[in-house]
Structures are given as C-alpha cells and as structure tokens.
Amino acid sequence: MERRNVGILGATGAVGQRFIQLLADHPWFNITWLAASDRSAGKTYAEACAWRLDTPLPKRVAEMVLQPNTPEGSATDLPRIIFSSVDAPIARELEPKFAAAGCAVISNSSAFRMGADVPLVVPEVNEAHLDVIEAQATRNTSGGYLVTNPNCCAIGLVLPLAPLHQRFGIEKLFVSTMQAVSGAGYPGVASLDILGNVIPYIKNEEEKLQEEVAKLLGGLRVEGENARGFQLADLTVSAMCNRVPVLEGHTECVSVKLRKPATREEILDAWQDFQPLSGEGHEGLHLPSAPLHPVVYVEGDARPQPKLDLDRGNGMTTTVGRLRPCSIFDWKFTLLSHNTVRGAAGAAILNAEILAVLGKFDFRKFPPIGLALEENAVPA
Amino acid sequence: MERRNVGILGATGAVGQRFIQLLADHPWFNITWLAASDRSAGKTYAEACAWRLDTPLPKRVAEMVLQPNTPEGSATDLPRIIFSSVDAPIARELEPKFAAAGCAVISNSSAFRMGADVPLVVPEVNEAHLDVIEAQATRNTSGGYLVTNPNCCAIGLVLPLAPLHQRFGIEKLFVSTMQAVSGAGYPGVASLDILGNVIPYIKNEEEKLQEEVAKLLGGLRVEGENARGFQLADLTVSAMCNRVPVLEGHTECVSVKLRKPATREEILDAWQDFQPLSGEGHEGLHLPSAPLHPVVYVEGDARPQPKLDLDRGNGMTTTVGRLRPCSIFDWKFTLLSHNTVRGAAGAAILNAEILAVLGKFDFRKFPPIGLALEENAVPA
Amino acid sequence: MERRNVGILGATGAVGQRFIQLLADHPWFNITWLAASDRSAGKTYAEACAWRLDTPLPKRVAEMVLQPNTPEGSATDLPRIIFSSVDAPIARELEPKFAAAGCAVISNSSAFRMGADVPLVVPEVNEAHLDVIEAQATRNTSGGYLVTNPNCCAIGLVLPLAPLHQRFGIEKLFVSTMQAVSGAGYPGVASLDILGNVIPYIKNEEEKLQEEVAKLLGGLRVEGENARGFQLADLTVSAMCNRVPVLEGHTECVSVKLRKPATREEILDAWQDFQPLSGEGHEGLHLPSAPLHPVVYVEGDARPQPKLDLDRGNGMTTTVGRLRPCSIFDWKFTLLSHNTVRGAAGAAILNAEILAVLGKFDFRKFPPIGLALEENAVPA
Amino acid sequence: MERRNVGILGATGAVGQRFIQLLADHPWFNITWLAASDRSAGKTYAEACAWRLDTPLPKRVAEMVLQPNTPEGSATDLPRIIFSSVDAPIARELEPKFAAAGCAVISNSSAFRMGADVPLVVPEVNEAHLDVIEAQATRNTSGGYLVTNPNCCAIGLVLPLAPLHQRFGIEKLFVSTMQAVSGAGYPGVASLDILGNVIPYIKNEEEKLQEEVAKLLGGLRVEGENARGFQLADLTVSAMCNRVPVLEGHTECVSVKLRKPATREEILDAWQDFQPLSGEGHEGLHLPSAPLHPVVYVEGDARPQPKLDLDRGNGMTTTVGRLRPCSIFDWKFTLLSHNTVRGAAGAAILNAEILAVLGKFDFRKFPPIGLALEENAVPA
C-alpha cells in the first residue's frame, strides 16, 4: 500500500492530538498538513499546542507550520485526505468546503453524522454504508466527500450490539453511561465540577446515542443499483448519560431485548465469532488499526474497568463483562470503550483504512484540488 | 417526649460513627451503651475507633467504654433500644439475641430485611408495615423485636417511587446506580481500585435493590385483624449497580413504566405533594429527623449532583432531577441520596422516631431485660 | 453596630460566590450592589451566574440586577464598601477608580498587595498596618482607600508563623504547598490536567508567598507621627507550590529556623495562646467572622487533612499538626487552611469587620460618592 | 547471557505483580518459583491473586503453583536468585533463611537496607557497594547473600542527586514528597481516606528517606583490600512526606545546598552527562532494564507530572523539571519517579542485572541449595 499524504483539521485539540499520536508511525498515512483555528495559523505546531498526551510529541510534527483552516489557504499542498476533529458548528461550515475542494473528509464531528447521504461508519458494523459516498457526487464533482464516525459512546456500544443484532435481532435496549472527562475535549470539564462528583448530563449525548445506533445497525436505501441513502434499524434505544471522574474510557451498562431468544453461550459465541474484518471475503485485509477481536468478553464479577481494560486491542476493542439475565428485558451486560481512541481518532483512522482498501482514495479521474476549488465554490 | 437510652451495636464502623454523629444532640435519644467487636470491648470509644467524620467526636462518647457485643455482657445496663450496623453475617447471629433479650433492634444490616415477619421500613413509604412487629411475639415474649431499614440505594429510590406508585402504579423500572465509596464501609474500597476508575459491580447490591423495592411498595398480609406478614408489590425492577470515585452520595438513573399515564406536571405534583409524615393524621408528629420534603425536584440540566445536592434536608431528602420522557418506558429521571445519612444511620434513627411516636417503645408490660435473657435463650 | 451597605465587584466568580454565601446573613453588612463583567451588567444575578456552592443561592441575591463595573455606572446607589474579587489585571484598572470615587475597596486581588501605601492585612497578625490607609489620602481626597488581604497560601501560613515570630523570631523557612483546585477560580484547572495528577507549578504563587509573608510579619515605616508605609520583616522564605486533586483546602509543609531556641511545648503554647482579637485591648471586639482560635494544633500522626479539618472555626482557623524537629532547621510542621474562606472571601470580610470596629467606615467628613466622582477623575 | 531461573517471594502483592509483569519477557531471567503467604501455598497463582495491572497476567505464571515461603519447602527446585517484596517484619524473618540456604536475595523490603554488611544499591549511583556482599560470607558459607534497593522515594531522589554530589558536593537538602497510593501496596490506602484528600504522613517514610540517601551517596569502609562496610555521606536530609490521590508516580520538591557553586547550565550538564551504566568501563554492559538516561530534564513551567512523565525510560528514568534558584539554599527542582517500577520491582531487577554482569550469580563453588540448607540452619 503506497503511503498517502493526509491532513488534520483541528489538530491542536484533544482529538487532534490523538490523531497525531496514532498517525505518527502509520504505515499507510503520512501527515503533511495541519490546521487549527485561524489565530494559530502560521505558528509551528509546538508553539500553538500544549501537548497533553503521555507519549512525546513527534519532532517532525512539532516543527510543522499550521495552515489556514480553509482549502484555499494552502490549495496546492492540500492533501486529498483530511481528518477532521473540529467542533460541530465549525465542522458544519468547514467540512463541506474541503469536500467541495476534492478532499475525502473523514470526520469525527457530529455535524453531518445523520446526513441523508453521509455514511456514519464503524467498519466492522456497516462497511456497506460507504457505498452511499457515490450519492454525494450530486453535490460536488470534485471527487471529495464526507464520511463520519459515530459519537464515542455509540461506537463502543454498537460493536457488541452488531453481532447480537445479526443473529437474534435487537428490539430495544437501555443504556446508562459513565463517561470519561476526555470525551469533553480540552479544557472541557472543570475540575471544580467533577472531582469527587458525578454530572448526570452531557449535552445532546443521549439523543446522539439513540439515533446513531439506529443508523449504524440499519440498512441501505437502494434505488436501482445504487445505494442512495440509509434505512434506520427498527429498534428503540433509551440512553441515560453521565460524566464521572475518570480520565479515559466510557463504561456503559446495557440491557437488551432480543427478537429471538438467545442463551448465554449463544451470546458469548456471537461476540467470540465477531471478526468481520478478517472473515470471509476479507482475507488479506489487515487494516493496521483493526483489532483482531473488536469485542472481547472478560470473565470476573467486576469487569470491565477503565483501569484494567482500557487499552485492549490498542484501545480499539470493546471489552464486555457481567453478562447476566435481566428481570425485564433479556440480557444485561457492561461494556468499556476507549473514548478517544476507538471512540474518536482511532475510529476515523480505521474508516480511512477501509476507504483506502476499497479504492475510495483513488482520485485520478477527478480534477486536482486547485481546479476543484474554482469549480466547486460552496454557496454561503 | 421523654429521652430514652439507646445503644449502638457496631459503633466504631463507618455507619456506627454516623449513628454517633446524628444522635449526639438528639432530642429523644441518649447514647448509653456502645459495642463493637469482641476485641475492642473494654477500650474507650476513642481508643477503639479512628474517627473519620468531619465533625468532632463528642467528648462524652469518646470516653465511653465499649461493652461486649452480647446482651449478657452488660445485662443490667443494656438499653431497650439498640441501633445495629454490624455486617450481615454478624447481624444474623447477634441481632436475634438482643431481640430475644427484650430489645427493640433497629437495624441497618441486610441480614433480616426480607424476613417474613420483619418490617423493612421507610416511614414515609410504608409505616403500616410496623404492625407486623406483633407477629414477632410468636418467637419471643420478651417484648423485643427487629425492625430494619432498606439498602442505601433502595431508600433513595423508593422515596420518589412511592408517590408515583400511589397515584399511577409502577409496572416496571430500570435503575442504574453510581454509588459512593462510603457505602462499602471502612476500609472498604481500596484507593488503588477506584481512583480514576469505575467498578461495575457491588456484591449482592442489584439483588437487594430489586427485592427490597417490591417489599417496600407492597402491602400487608392480614389474617383476621392482625398483620401477619407482607405482600410484595406487583412490579419488576432491573438494577445495574456501579461504584464510582465519589465519597458520599448515591446517584441513580431511573426509567419507569407506569400503569396509568401521567403528565410531567402530574409527576412533579406527586413529588411536591408528598409529605406523608406531616399530612393528615400526622399533625404534630414532627419527627426530628424527618425532612419537610422527602423528595425535592431541582430544575437544571445537570442536576442532581453529589457536590451540590447531598445535604438537602440534612441529608434526609432525595433530590430528583432531569425528568424527561423515555423512548421505551414512560419517564426517566435521576436521583441523589445521601447514602450514609438517609441511606443508613439516618434511616434507622427515623425508624426509631416513628416507633417512639407509635408507642412501640413502651416496654412496661414486658419483663426487664435481665429476666428476659434467662427466659429467651436463643438456640444456637 | 449599624448594618452597612456593601457591594461586590466580581460577584459571579468563585470567590464572588463565597462573598455572597458568607455575607448572606452577616450581622453588620448588607449586600446592595453587585457587579461582574461588562457583558453581565443588566442581568439578574441568577441569570448571570452558575451557582456552584452547596448552600442555596439566597433568593434576594438571585433577583438582584448586576450593575456596570465602574463607579459611574450606578453612582447614586454605590455603597461605600466594596469587596473586590476580580482578576489582577482588571483589579489594577478598576479598584483605584472605586477608591477615587470614595469607596473603601477591600480586595482579595493580588494587584496592589505589595503597594507602598496599601495595607496587606490579616487582622490577627498585623492590624496596625491599617494605619497606612491615611497615607492614601495623598492620592485621593474622596475618603476612599484600598485594603488587601494576602494570597490564600500566605494567609494560612502567616497565622501560625505570627506567634512564633513574636516569641522566637523567624529567620528563614521552607514551605511546600499542596493546593486545592478551587484556588484557581472557575473554570480554573481543567479536569484533564489534574484528575489523578499533581501539577508542580502555580503561576506567580511562589513569588507571592515569599514576598507577602515578609510584608505581613513586618512593621510600619513611620514619619513623624504618621505611618507612611511598611518595613519588610527580616526573614527569608523559600516556597515550592503544587496543585493537587483536592477541592478545597491548601496543605502546607513548613520548616522554620528560629532566632531563639524553642521547645515543643513553647511552640504549642505560642499557638494555644494566640488570641489577638480577643486579648487585652480588644475586649468586646467580637468580630463576627473571627475564629476564637486562629490556630489550632491537632494531635495525631496524620493530621491535618482537608477531609477532616477544613471547616474548623467555620473555615477561618488554620489547623496545624505534625510538629517535629527538623534535621536542618529547627521545627517542621504541616498546616491546613480553607483557601476560599480564610484564604479569600472570609479574609476580606474579616478585614471589613476590623475596619468597621476601627471607625474606618465613617465617611461623614467626606463628600458623597457622586461628588467625589467628579472631583477625583482617575487619569487613564 | 544464559537465562537464569529466579523466584519471587511475596509474589501476589502489588510489587510482586510488578515483578511478574517486568520479568515476563526478561531476556536473562526466567520465573520458576513463586511464593506468597502460607495460606496461599498450593494454589495456582491465578487462584491466589487478584491481578490488578493493566497488562494481562502471563498464562504461564497464572498456572504456576505457589510454594511454601521457606527454603525448605521446595528445596530441590529453589532457584538461587530470589526477588523479595514481602513486608518488613516478614522479610526480617524470611530473607536471612533464603540467604543462608544459598540464595542471592534481591530485596525490595526495608528490613535490612541499613544493615552494616548489606548493600543498598542503585546501580547508577553506588554499584561499588556490591563489593560488601563478600563480607556477608562471615555469616553464611552457602554462597547466599542479601542485596537491597532503597525506598521508592529515595531511589527517585538519589538519581538526580548523584551527579550533583559527584561534581559539586551536596551539603544539605530539603525534600517534600507527594506520593502515589500504589506505594502503600494493596489494599493499602482506603479510598475513604484519600479521595479528594491529602494525608500528610507516611509511617517511617521520612526517616527512611533521610538515612538511605546518606548511605547511597556514601562510600565504602575498606579493611586491607576488602570492603567491609559503608561510610555515610556527610550530608543532611530533611524530608516531609505526603500521600496524594495519584495512582502511580511520586513527585518530590527538592532544594539543595551545594558545597561548590554551580550554574544552571552546569547542573543541567551534570544530569545530561549522567550515563554511568553506559560510560567508560561499561561498554557493552547493556543492562536490559537500565534506561539510556537515568535522569532527564524537561523544560516547561509545569513539569514533571505523573500524568505526562511517568513512563519515561519504561518507568526507570527520573524526570526532573523546574530548576530554579532557591532563596535559602542554592537550587530548587521537582522530580518524578515511577514508584512501583524504578521505585520497587524495577529497581530490584536492575540490581539483579548488574549482579549478573559482575559475576555474582556464579554459584559453582558453593554447595547446592539442599546441602546448604542443612549446613546453614538459621538460629531462631
């Protein structure tokens, strides 16, 4: 696989730093372009950013100069693959411009996740949704497009749900979350608000979780031979989202009602067998960021725990535990997901990897970015 | 109200310390007897106990000498009212002995909560269950008996449930908890296990919560004119219990399915109107530990919080917030309860107060404790 | 003592909220004026402020309308006593304007603490420094003036130092602090930075601590009969300041070298006897916020602790423990001080109380504020 | 280097688990023997131990059967190299037995650290002290001996002190610590005691720190050609030790008085140049656990921090920051050290590595362990 140049929009934020950490030695991608806010353009990354991760800031990145956060700003050098981790209002404005300019925008933002022709993808779960990318060509002819990954809680949840949904059908589910502060970015949650405390609310989080799961587990809306959009899964989610004094790792308590009965063994088997990216038809895929097992069940009363299970599968595996019958629905379990790796930067990178394998980064038939910029002016 | 002598069994533990703190200036009760484990008998309280509360240990209590933890040990001075906060296995052995000796044992232990003739009481919710005390006379004729308060999570939960159950009927509910470390006693949860972490399991907690709510909201089983036992309420509870790094205050996320539809206003009214201990028939009750409002609803997205709402009603009020429709059941809300005040020592003291008012501490017709001890030997 | 009207500048911040909490039922002062930033002027306090204390926001204050933060903005109603808790750069601009307008500005800000004619006062330590207020009349004739209280760490430290300095003389001292996040205001320290972490740096804190102690323990510079300024104490302080994940309460580890030898008993006596505000010449003072004992020594290896000792003397007492010989200097000890009560709002209120008693709030001989405003225009 | 069999005494404790984690893939050592308390002998390691580290328990170790914790218990299979991490009172009893039996006991316990013929060693600092091992032959002829590593705080501290002491001489120093809870083992510090709190005391810690630094920086007492004991360094340490709510990583604030003046650059150079294990005479040493740089200085106001700097050099490097002049002594700085890696298990393993290189594991001239056991009975 040839190494492709990529850019990061929102490079200095909490998720932006994770992008840099995870892409530093990536075999397929090479960071050549960074942008953050307007006021940091022109500074080196090291000047503009207070690095807060516990691995060193790569020297090469430290010295890169931040670009203006518009495609026009650095048109000739703009890479065709842009990872985006800007806040939703900014994403709503900027991401379509980059797509119009001819970039594949792989976004962690919530702005366009529920868009009618925007794939919301977790590769192990609904890779097929990427077909809808073609539908975006009606909006721009530059070859650019937008692909999103879900909310951090939805990703961790949908991984163990997917194999259950395939085998038994999920009718409804309750999920109650205990979410880490890193999910709120930086500076994010004030220490005065969360030290020794629980905040029983995260803005829009319950809504996102409820609607994104239905899109992720849903199907395609096909017209003729073409995927034109999405069909929501016929299931109901009720979410209760909370912030707890944990640095990294979202814990979620789940109870599911299935359409077909399932024994404990059948459920554990469904998780154990869930290897969608290395299964039939995928031999030789080997996406660098894909964990061998997207879902791992751990025995023991008191698992999973952020302290013990966060980094499983390099932070890309959802760890599940405490499978037990529910007195109201069918089965209850608890899951843990790394919210800034699998739940954010890692999710977008995995999306980029599957796009690469599927040939969605082949831009040869499209005009170069400079030209596309002229032709695809985005209306205000 | 004359001031009555009381004793505390398990006086040096976390809940025992709360008993001492809350009883220090109690208008109706006077601590005259303390016991902890065998090995601390004979020491002063100050010697035997590392006081860990943020109000000073009362000097008078500090100097009291710990008694052996059996009724025989200090028979002549044994008060007829014993608060108990020993662990379940010890309670199972000791509490019946004190009851047999003629003491009203008001216990925070889980050992006998589900006993067929043992009232499990939250005064605002099921005061009538105290009638079953008489049924215990079949076991001993000393005048002694056993009354229990629920698990810390069940108390906080049943207060807002009770008025909803009365008005609309509760059919089922999900509850997911985030519980403080003080609920595990001392030394309890190791800091290595909980700092920056979530432990998604508390031994037996889900089971207790599920069964105790049904007993609390249930009715009496009457034979002839006499209450002989209890009838569980016809509702189903599914609980998911978690430990979080919070010192005091259990937060619970609840979703309820009602038997009759209720609007948001009707639910808020039900909570607002819920003043069972000062309502009709209770004029002049004025239990010293009873909060004016057992349930208080706070507006605001992110409430209740342990940091902000713990001490409402001197720690005896359940604070509720975030009432919102549920996509699966009817209504979701979040509650906070002070787990070592309303959820433990304060609960038992309130039980003692209602017992005092109901005349259940009138032991004149029973033999003195010394005599009862001889007559009511408990079989090993 | 007649009840005087007071205003609060910076009323919505962390310290501003403490002012409101502590002044809510103050016997001598009555809040009639509130101001925060420009953009909050015109809103009610409840609208402008996210109340974050665990006692309820007083209803009367909630409904007060925030004024512009200049004396001109509400000249006629401006009270003559203004508590200020704005950040240093803003204090540097605003506080002189209020003083020029005729207000006694009692500030918690660091802006003017080291000013040549500005008293930096802890009443128990250097009440006499208030005489220098008169020297400020050279700058304005409105009757207004500026009085400051020290940095939160310096207050907690100087209380146990003062009686040692009086009796034995302090030559030098090391102090290493572990400071609560509330000291950084709101939002202050990001949870991502401090959860489970130590930050070994607080901007300018070591410098403040080192210089303020010398001013506090120093004397007056007298010309003729008039106190014209201050003389720094002849001692050297070396400070090392750290932030730890504690909500309230600064812990400080101290080692002192004395000029005269002192036994353990002599030191404990010095602290025990330290009752400057109720001693000779102060009979009948009874400042409402003054603790009976400004310094209390607690026995026990592991004391003081924020969890156990924070609220001693309603948060106005410095708790000291672990007095032991030092292998390099003379004595080591550890202290705890409530950083937003004694270390901020409570300190300023106590300063106001001593000013009231000393007659420094008698403005009858000065022009009313409106007039003063015209006459005392502060040059830009 | 041939792979040697090693055993672990105290294998299930917090440090024992670190030994297993760090030795799992060690190129020179192979775990063949494990012991914990008497009551766990006979169980598999997985049965006896609640694994609490965030890397998986190695499967091979999980299935090993715990041996009795005496040399007699498994004499024939007892390896000659025993890592010990039992508590001091147990170490005092058991470690001499293993040494008498012919084992090299490499201990993390404090029991014998200050022993007159027991090396207390940090290889980069005082490797030469290992010569005193020979002096132990007077006590037993089995070839066994005892080597210790310092207290966790002393190790982190002595690394940056050593090059300063070599170049400039240290006369005295203050050190104030903020120590992680993992230093207290498991269950160790109760969460009720430390959540949101500071405990300003750790039993015996200040004494250990003060005396161990003097031994570590001291020299040898030579008689004739033989090293017979140690000479304490002529310096004075004053320590103030505190526990803070941090999981891993001890932070220490230091102020040193030097015998010769040193500029900032000279100090930074001393640290930068400090590569004792790869310097002259050590070419080709390459101890697997030795960090390339034992001391690394990080720029930036607010460094080092546990969150950012803990794992430098795989947890074997002391990170130093905030070098600045001291108003009383010469220089102040802050350091961070990984207390259960460099401060415990990693320290012992590094000691074993240097012993291996120095030929101290060549037991060919000594009797086999079974025989030694008979000949070297330790008197009760």
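Lettered A, B, C and D in written order, each chain numbered from 1.
One rule holds in what follows: a residue touches a chain if its C-beta (ideal position, glycine included) is under 8 Å from a C-beta of that chain, and two chains touch if they have at least 3 such contacts.
Everything numeric in this text was worked out from a predicted model, so none of it was measured.
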item: Those chains which touch chain D and also touch chain A; value: B, C
item: Pair joined by the larger number of C-beta contacts - B-C, A-C; value: A-C
item: Averaged-CA centre spacing for the pair chain C and chain B, given as whole angstrom; value: 43
item: For chain A paired with chain C, centre-to-centre distance based on mean C-alpha positions, whole Å; value: 49
item: Multi-chain contact sites of chain A, meaning residues that touch two or more partners; value: 52, 193, 195-196, 245-247, 307
item: Of all residues in chain B, those that touch chain A in their complex; value: 172, 174, 176, 178, 193, 196-201, 203, 210, 236-238, 240, 242, 244-247, 249, 251, 253, 255, 301-307, 321-322, 326-329, 332, 334
item: Residues on chain B engaged by chain C in the complex (per definition of touch); value: 52-54, 195-196, 307-311
item: Residues on chain B engaged by chain D in the complex (per definition of touch); value: 14, 52, 181-182, 186-196, 245-247
